[in-house]
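Take this structure, written in structure tokens, and hold onto it; I'll ask about it next.
Per-chain residue numbering starts at 1, and chain names A, B, C, D and E are given in the order in which the chains are listed.
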Amino acid sequence: MKTLLMTISRDLKVAYRNPADVINPLVFFVIVISLFPLGISPSADVLVGIAPGVIWVAALLSCLLSFELMFRSDYEDGSLEQMTFGSGPFILVIMGKIVSHWIMTGLPLALLSPLLGMMLFVPPPGLTALMLSLLLATPTLSLLGSVGAGLTVGLRKGGVLVAILVLPLFVPVLILATAMVQTGIQGGDYTGHMLWLGALLAIATGISPLATSAAVRISLSH
Amino acid sequence: MKTLLMTISRDLKVAYRNPADVINPLVFFVIVISLFPLGISPSADVLVGIAPGVIWVAALLSCLLSFELMFRSDYEDGSLEQMTFGSGPFILVIMGKIVSHWIMTGLPLALLSPLLGMMLFVPPPGLTALMLSLLLATPTLSLLGSVGAGLTVGLRKGGVLVAILVLPLFVPVLILATAMVQTGIQGGDYTGHMLWLGALLAIATGISPLATSAAVRISLSH
Amino acid sequence: MLNVRNLTCIRDERVLFENLSFSLGAGEALRVEGSNGTGKTTLLRILAGLYEDYEGEVDWALDEFPLYVGHKPGVKDLLTATENLTWLSALQEGQVAPDAVRAALAQVNLRGFEDVSCGSMSEGQRKRVNLARLYLTRASAWILDEPFSAIDVSGIAALEERMNDHVLAGGLLLLITHQQLQLDCAVRSLRLGV
Amino acid sequence: MLNVRNLTCIRDERVLFENLSFSLGAGEALRVEGSNGTGKTTLLRILAGLYEDYEGEVDWALDEFPLYVGHKPGVKDLLTATENLTWLSALQEGQVAPDAVRAALAQVNLRGFEDVSCGSMSEGQRKRVNLARLYLTRASAWILDEPFSAIDVSGIAALEERMNDHVLAGGLLLLITHQQLQLDCAVRSLRLGV
Amino acid sequence: MWNWFHKLGAPRSFFEISGRLLPWTGVIAVLLLVTGAVWGLAFAPPDYQQGNSARIMYVHVPASILAQSSYLMMAGAAVVFMVWRMKLADIAIQCAAPIGASITFLALVTGAIWGKPTWGTWWVWDARLTSTLVQLFLFIGVIALRSAMENRESAGRAVSVLVLVGVVNIPVIKYSVDWWFTLHQSSSFSMTEKPAMPFSMWMPLLIMVLGYYAFFFTVWMMRIRSEILVRESRTRWVQEWVAGR
């Protein structure tokens, strides 16, 4: 437990020293979303129809870009290999890194999302659904993404390889979440969607930390 | 001139040794595009309307992710600093790197695009416009992106910072190119758009290599 | 404490070592020698559990993990010397007192750099931050891969003294260095390569 | 060939050197000394044109760029030793014969590793690939920042011989090392720090 | 049983056993495929609605079925590799991925070709199609990860982790995609209602399915054998075997 908290506080400290790591994915999120009115059409009817999909795809992509940073700098300066010598279980270190990743990426995205929803003319009930869906599903993204990040750390392949590994895994989250937002926009009841997203989160929590710590160990030993 | 060719052939050799660097952006492109039907709607009517925007945004993003790789590995292993000691002008090295980036990213994207257009139900005249727009505008992306890549190399910020720096520059390209594809889909004449895209390419060719070589020098001296 | 039996490692079709067996007890120091590329780093990484493509057996009888110092500096550029050292030691030791951290930094001659971020340090200083762990650790086995690289002459002397103390106090030391080594304790030597 | 006048460099409020002036002609060697963090690397990077935040003047009278070897290995992991060396030298020299490249690799004891990618080499071997340029270059000024780190004893001896030849043939040498140096030619020394 | 398992797991004995098996599976595959193809393409009755274009079914359906089970087989090999560290299993994963990817690709392409006459379009974002596409991406991920890692030992383990995470996700993906399709159905096409086929149609289909499996195993074994030769090229027995050819 102490290992977990220690890791989280260290990672947050690094992020505080270098706030760009937190701000950049957010800015990226905003920019990608604002490309769509430019590339497709500025009219409200069109935009509200595509809004859930666009916002969610943008959220996926900005998470994706940040996965790379999850382990890379620790790998490069050798701190990752030091972590395997910790007195606490290694999986707690990994969980700490996943939690701090979510605090730095998923959480701000969720908090920012209503604003972007408004930019795309999403009505208020839709905004609530949007934020809830992000709060509930971005932890799953961080968990699944950590596996990809762990597998590719040290491969100098940029974010693209991680993207290929984890995007297929994100498909269910995307489908459920956008359906939830659409239901919300139409004023429907989306408790069922939330339960399903919760179930996905539970599955990911069960599997990912184990898989990631195995993955990181493998990446270190080569 | 020899410096230019030498650099291109070296970079292509590295890419050949590690084809993933070329294939991955393509796969990313395909995956991002296939997220949209999942996130928005699978119906042909909706998809053909958003197709030009979606394909172009995906192309922008997969270029973006690959900019990072343009100088990073050369920076990390110290070859970039060696390049400044070359007997030929440094700007030729930079141009070589830009050209090889385009050959490895923009060109394959353009060649693959008709297939993806088909998946989003774009009719044949639109497909031609799509491919032409990519062929004409991706060099501009490589040129502009190189400036961002040069400025951020050595900052360990992942792709996000580059994205923020260059995305605003990409806006005119995006608007012109999607307008061109839309005209194509509706069976109109898009020579005017092509001229404009050509003009952007000419401007970028004039400015970017200079700016990039200055940027790289700055990044090195810190 | 350490028992190695029939260790064989082959990388890229090149046999680095074959059927290597040795054992090392408390208070013993082993220096791994050999020219560049003979497999010294690979051997130490195997012993540290960081490389697994080998055959043979490695048995440690240890209560805690060994302390490993590798080619990489092992410090985060964005954190200060104090923060780095606190984190690195806390990870392994559970908890460290701030005073102890300051004292360790002073030992490696980084007084005045406690709150400088490691990114604005010289090569040697960054390495020193990592090596300051030698003054904090309770690990009984040390695995040091070229700890002296980038360190200046007086720094090396201080490190040698610390290693000496460790071995005399019953610690185990595994060391690679291409430089001359002046330890008072007995140092066994293992030569790799022809 | 090199004229330095009133060079002052301040990093992070720390004065590294102030009003440093010296000049160095053909056939002269200068060793920059000082403990860790005194500014040796910074000085050499300034002279190589890689760091620009200084005051004072640096004048080179040279036809071509100097040869610079820094802390980083300077080789691409994905390319083989031959490819790396060919590219590195061709960049500076225009064109190099394949035979010359093979010969240079043999000089740094990498015979048999010509076609191994540098990513699967040991630390010292990677450094040797970069240092093999010393056997190919026509540059008359060499700037070497800790060239001996990670190199084994016999490798250092060979490099020292090469440097000696270079200086005796009228070259200029700027060198940092924390290790002992045995050159037959005269070596001036510049001490940084207190 | 265990004895046998371990014996088969040694690359050398696998090489020898598979060497004896290979001609048989090869012949069976060819026989089944030829019979099925001739029967299905030339003699089976045309579909009462779609006419002759439905004959592509004999290529498409087996490919789709095999595409799914090949991932499961690969996952089986991954479990074996993670649990017993059997080198052969790693080789099996490495060799199965490209075949599986090609079969999945074949299922997609034949499906698309079939879609043109029946649905009037090459591609529809239908649940089955989409999950097949996602599966192709999973295969590609496996291949991409393998090719990105230089060290064979760690590549094997990394790929197994990925394959296992993927296999947990396959039912989730399938489920969510099915559910998504029913949520906002866009077109009236559906493949789920299977026309009750006459014997003269499903028999050649069954033969084709079996033929695809036999073909898959044959190619898989051939790839494994050549990979064994590459990996064990230093050992005496490989050198003797090569010399003996």
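Just so it is clear, a residue touches a chain if its C-beta (ideal position, glycine included) is under 8 Å from a C-beta of that chain, and two chains touch if they have at least 3 such contacts.
Computed from a predicted structure; not experimentally measured.
Participant: Quick check on the contact graph: shortest path length from chain C to chain E, in steps?
Facilitator: 1
Participant: Just to be sure I understand the contacts, which chains border both chain C and chain A?
Facilitator: Touching chain A as well as chain C, we find E.
Participant: Most contacts: which chain pair?
Facilitator: Max contact pairs: A-B.
Participant: On a CA-centroid basis, which chain has its centre farthest from chain D's?
Facilitator: E
Participant: With chain centres set to the mean of the C-alpha atoms, which chain is at the far end from chain C?
Facilitator: E
Participant: Using CA atom averages as chain centres, what separation in Å is found between chain B and chain D?
Facilitator: Distance between chain centres, rounded to whole Å: 37 Å.
Participant: For chain D and chain E, what's the span in angstrom between their mean Cα positions?
Facilitator: That pair's centroid distance is 55 Å.
Participant: Based only on mean CA positions, could you tell me how far chain B sits from chain C in angstrom?
Facilitator: Chain B and chain C have C-alpha centres separated by 45 Å.
Participant: Touching at least two other chains at once: which residues of chain B meet that condition?
Facilitator: Expected reply: 18, 20, 24, 27, 31, 38, 41, 73, 76, 156.
Participant: Can you list every residue of chain D that touches 2 or more other chains, as numbers and ranges?
Facilitator: Residues 77, 120 of chain D each touch two or more of the other chains.
Participant: Among all residues of chain E, which ones touch two or more of the remaining chains?
Facilitator: Expected reply: 137, 140, 144, 148, 150-151, 153-154, 180.
Participant: For chain E, which residues count as touching chain A in their complex?
Facilitator: 134-135, 137-138, 140-141, 144-145, 148-151, 153-155, 157-158, 161-162, 164-166, 168-169, 172-173, 175-177, 179-180, 183
Participant: Which of the residues in chain B come into contact with chain D in the complex?
Facilitator: Going by the criterion above, the answer is residues 2-3, 6, 10, 13-14, 17-18, 73-74, 76-79, 81-88, 93, 220-222.
Participant: Show which residues of chain E lie in contact with chain B when the two form their complex.
Facilitator: Answer in residue numbers: 121-126, 130, 133, 137, 140, 144, 147-148, 180-181, 184, 186-187.
Participant: Spell out the part of chain C that touches chain E in their complex, as residue ranges.
Facilitator: Interface residues on chain C, with respect to chain E: 10, 13, 52-53.
Participant: Where on chain A does chain E make contact in their complex?
Facilitator: Interface residues on chain A, with respect to chain E: 144, 147, 151-152, 155, 157, 161, 164-165, 167-169, 171-172, 175-176, 179, 200, 203, 207-208, 211, 214-215, 218-219, 221-222.
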